[in-house]
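What follows is a set of structures for review.
You will see subunit A twice below: alongside subunit B first, and alongside subunit C after that.
And then the complex of A and B:
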């Protein structure tokens, strides 16, 4: 989520709460030794824990998107700004000390949740825009394996158009993916291939099997000549020079498929950055709330 | 010419409509790690609970003296309250006594109001100044009129000047002493030649071992003593005797004892009697009586006149009797304790030059001069909130009146503690 002008009211509210909390803390801290068990300490603790729970409710809200509980964006803004307040509130609660084993663990977890949240907010602010420019062929992340499978099938068909011998049977799907090229469909079995010299056809087959196919099977392999856009461009340019003009349309399509593969690889990497921090943020947040609840019960009892 | 077209229809046809039914790596691991994190935390607490170890819930390390209770929370946290198990004064008082601060106080704070546990070693006795100024910043007493300053907000704000330096007070001592004569000029006696904290056992440069036990240091306020808190009281034998010998007659090498006039008189008479017994030729010479007893009385009168009017008079204003009776010696009133309501430890300040706190001492000519440093001198280092010396009330003051302490009757067996 971009942090823009729409966050202003939330930011002002959070700042106001922080200023009030700080203004109350200063005389409290100078007048006595702050501790979680004092009346002001308990107020800060309850406020901090309440903000944690509120921030966590964002996850619950996402589980029930059809419930009329306010817009998800509103919940996200509250999550960000009240989540930011949890750290100062808990530090005021604890008097800037870590206490015993459980409270020390909770404080470390709080810092990690806070830092991972800040990191996530920054990533979510900048990366979506970068994604748009770096990955114009972006697809749904979860569809990447499926799309890749289809891209490989598409490339196989195109490749066979290049190097299949007269009489080879091509899959019917070929007809669907060859749009825009004036293919001769009058051959045996209703399909045919680009007419090239046998030598060129063999060369094209070798290039496809040795370079293009391995890259399409493992597009994350950075060692492939096709992993880099510049070297891939030179590679396909050389291929076009080698093969007759009738094959250039297929080569352009293969080049396009490779480019899409590279973008999907880039999308996966960016996706890991965009959502990888959640592997720290979410588990620690949940554990923090559960163990924080234990701490609250035990501390109030003792 | 490129043949691939990314039309909406072709793109839509690529979508796997069942994809949302499967968990992909990041959501999957998010769930796995969430469960693992919660379970790990609860398992840790669970294992500790099974082992009857409650230390995870401790809010911090105990002081060294309470460390034995680290795994036994209920030793203090079990007072049979209906809700919760907070510490009550009874838990503390079952092992410790906490004598009242003042009979006139209107509020008595709970033990844990001042002594906050779980703050690590050495923190329990050092109560926060705020616990003192909560009352002393606007002091109310049962009698209605506080006997101490009523508006002390901190050491820097509201704390009065030390009592000895107020209202032109003077040193009450009846001894005549000139610091300037001793520390300046040819003598150049150092401060530590005469003044040392109690408990320091080293030879005196201008003294000798006293024939009697040294005086006991005055009791600390509230009855609790600190062996090094006070300077050793000045006495003749340790500080003065090497230079100020109490010789009384050229014929006798022994000096008179530093004692009451009766003792001195008996000593002088005995020494003269011993002398004349060994030197009978001196009887009747130069107008002296011819009989031994007469000679002794004559010489004793002359020697004691010298003692009472010159030798002893250097330091003491003797009350001479006109009829020849022995003189009276006024009480010396050497003040051993200048802070009636506070503690001061000279040994904790030994890195300082004496004159940095007592600048008037080298130029003092009268024993009535109060050479105690004022509060401003202390406040140069003892600044609240600084990294310097502490300015907390408990640095100098005790809360409990330990003269009213009672013996505690322990309630634990060894097995209960271990």
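And then the complex of A and C:
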């Protein structure tokens, strides 16, 4: 979520709660030894744990998106700002001490959850804008494999236009195996062949087979010359210089396809960043809630 | 009668006084070439090809020159031949040889004469300014280039058929034949009898070749048999011969399906014998908003939290309009048709999908016909009257009552109104009334679709599309007596016209209707004003290019806030029985993504052509697809933005082969965003955790956006 001016009221409210909590803690801390079992400590503990539980309920809220239980963005803002407040509340509850093994573990987990949450908030603040700028050809994440398949098909058609021989289009299917790829030379109907010298056609075919096709097969391979936009630009420029002008249109199209592949790779990476931190945040949060409950029962009973 | 004696080509003959030289020669086996004259028409002497030497100073047109006592006529002297040849050569110089008739049947009279005279390449240059073609008629092709202005068609239309449609227009180089006041033939009052085509000596008026003229699965009907039928009286026998296979007789046994709803077709059916059942076999269902347990709970929470439900406007209709002379009651969508009934007109004339399933209740015999034949029937005065009588007797009452406002009219008043209403027939593009005209009638749409537009500086603004069951004209009649919009026929349209006098009489007798109509008129005026106000906002080329300004409600996703979590899509699917109506992909504008989701367009092209009127706009702006959608997919194809999708779902239907049993079938239904009308806010917007998804009114939104962007820059 982008933290912008619309969060102002939440920020002010959170700050006000913190200031009140701090204002109450200072005399409490100076007046007696702060501990979780004291009345103020319990208040801070309950408040902090309650905020944790509310923050955790965001996951449940997202499971029922249609239920009219408050707008999802309200819950998200609550998650962020109440989540921020849990740390000071728990610190005030614990009196800035770690205590026994369970409480020490809880404190460490709290810090990890807090820090991962901050990281996630920062990521989700900045990354959407980056994705918008860096991946203008963005598609739906789950569709990336099928889009890539389509791009490969288009590239194959373009490749055939470049280097298919005059008789190939009508010839029976010729299958060549190149690194596991079955390559059909029969050509699509209606494809217009580019007229080039045989030598140029052979060169184009080799370039396609050795550089472009492997990249399209494995666009995440950073070693390919086409993986980097600058080197890819130079590569295609060199190709344009070597081949006659009639082939340039096809080369431009191939270049666009490679650019789109790069963008899809970029999109995947950014998406993993966008949500990868949840692999830390969510399990730790659940464990924190559960262990926090255990701590509350144990501490109050015993 | 007094006989006179004369010689033709030195042959002495005697004929009755008053006989023309041409007829005198013809009677005695002397052929005189002619183009503009037919023996069953009044001669006019325009072509002069029949010129003969009567011993006078100038040659005479034999078709109009009466024979006189002692006259010496030469029909083949050198002088006559030279003149004739010159005339033919001049006519051939502008003739598109070989013309359509010459190509099809090799009997163009002008080209035959030219061949006789040995004229292969006229010496004279062709005219520069073209005269054009008119292919608006379904039956006859008009090639003005081939017209020699002989007027035979005009005389055939006037003297033989008394239809008085054809006439002359212009003069000099601009002279030509014209239909009514120079309207396209298909839009004129031409009844397509074919007489003009039969009269034409060249390829100027030819029978249109019909693709797949031979209809399958039936028995061709002989011309004599067809002409015995009431509907085909006064139709040209020649036309019927030329279109012999465009109408066939089909026999169905009880239980046979004649046509299925949603199927595409190009024929209409006329019942000769037996009875049929007409019904919707698609169940009354659609991908519901908020169905099931989840939907119940979401609605419950919505109610508990006090979220106001927007006006759903989903009132159950009294009847479902279909392509027949009956409507189907919503609660029991079954009706019957019998001998003399016609169904499938809209499919045949405008190629819309079949609106209902027709099954033979008893053994029956039907005529199945193509569009050109149906067009002839609809234009033919005799058959037209029969169709109208049938409609008035069977369907007009129900049709008037389908208008909710008229549901309280007394049967006596409906009866008296039924005899006074006029059934008006229009072709595509015909203007029914123009903005600013004096309002003199109220209209109900019986068949087809009309477009209602209002004048706007940047181009006409489409206010609405109306199909069968729709009505218009009340605002003009109720307010200042002037039309507030222009109404145009989008395809083959038939309207029920209630004269203003009868309309006002109705209002005075039934004040409740007057009140309701006034409320509707006010509502429409307010809606139109809102539309106009929206359109007169900022116009931006890029917005226009993407069609964004055509929408009433645009879903935008702010890509700088959206984390691509797809919560919006999930929410949409959860709200609609697991079928999402939103795809988070589409074109971009600045930082916004415009996903594939219904835009509630101002010009809802999706609504045009729905055979059962199930896609409609409520009084608010939501476009909804009702549960009697037959799944033809026309709306999905019409939507220029791909925002309507066909969703297959399994339903249990009666097994037609074994009526006691049911079977599971997959039926497609159209789905599109309806803004979650059951809730205060669309689910996608409500469920977005990042404040990224918004439904906006584009004009207002982009105006504010541009103003702030300009302010930032400044």
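Simple rule for what comes next: the second predicted complex is superposed on the first by the 277 of 302 C-alpha atoms of A that agree within 3 Å, B and C clash if a C-alpha of one lies under 4 Å from a C-alpha of the other, contacts with A are read in each partner's own complex, and residues count from 1 in each chain.
The working rule: contacts are C-beta pairs under 8 Å (C-beta built on N, C-alpha and C of every residue); 3 or more make two chains touch, one makes a residue touch a chain.
None of the values given here were measured: they were computed from a predicted structure.
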Fit or clash between subunit C and subunit B when superposed on subunit A: fit
What is the contact status of A:141 with respect to subunit B (first) and subunit C (second): first, second, both, or neither? both
Which partner, subunit B or subunit C, touches the larger number of subunit A residues? B
A:86 in the overlay: touching subunit B, subunit C, both, or neither? Say first, second, both or neither. neither
Between subunit B (first) and subunit C (second), which, if any, makes contact with A:6: first, second, both or neither? second
Once chain A of both complexes is superposed, is A:65 in touch with subunit B (first), subunit C (second), both, or neither? second
Could you look at A:224 and tell me whether it touches subunit B, subunit C, both or neither (first, second, both, neither)? neither
Should A:287 be classified as contacting the first partner (subunit B), the second (subunit C), both, or neither? first
Which superposed partner A:253 touches (first subunit B, second subunit C, both, neither): first
By the touch definition at the top of the document, which applies to A:265: first (subunit B), second (subunit C), both, or neither? neither
Smallest separation in angstrom, by C-alpha atoms, between subunit B and subunit C in the superposition: 5
In subunit A, both subunit B and subunit C touch residues 139-141, 143, 271
Which residues of subunit C touch subunit A in their complex? 290, 294-295, 297-298, 301-302, 304-305, 307, 559-564, 566-567, 570-571, 574-575, 583-585, 588, 591, 679, 683, 686-692
Within their complex, subunit B touches subunit A through residues 1-6, 11, 14-16, 19-20, 22, 24, 26, 29-30, 33-34, 36-38, 40-42, 45, 55-61, 73, 77, 84-86, 116, 118, 128, 130-131, 134
Which residues of subunit A touch subunit C in the complex? 1-2, 6, 58, 62, 64-73, 75-76, 124, 127-129, 131-132, 136, 139-141, 143, 271, 274
Which positions of subunit A touch subunit B when the two form their complex? 30-33, 35-37, 97, 99-103, 105, 137, 139-143, 146-147, 150, 154, 177-181, 248-250, 252-253, 256-257, 271-272, 275-276, 278-279, 282-284, 286-287, 290-291, 294-295, 298-302
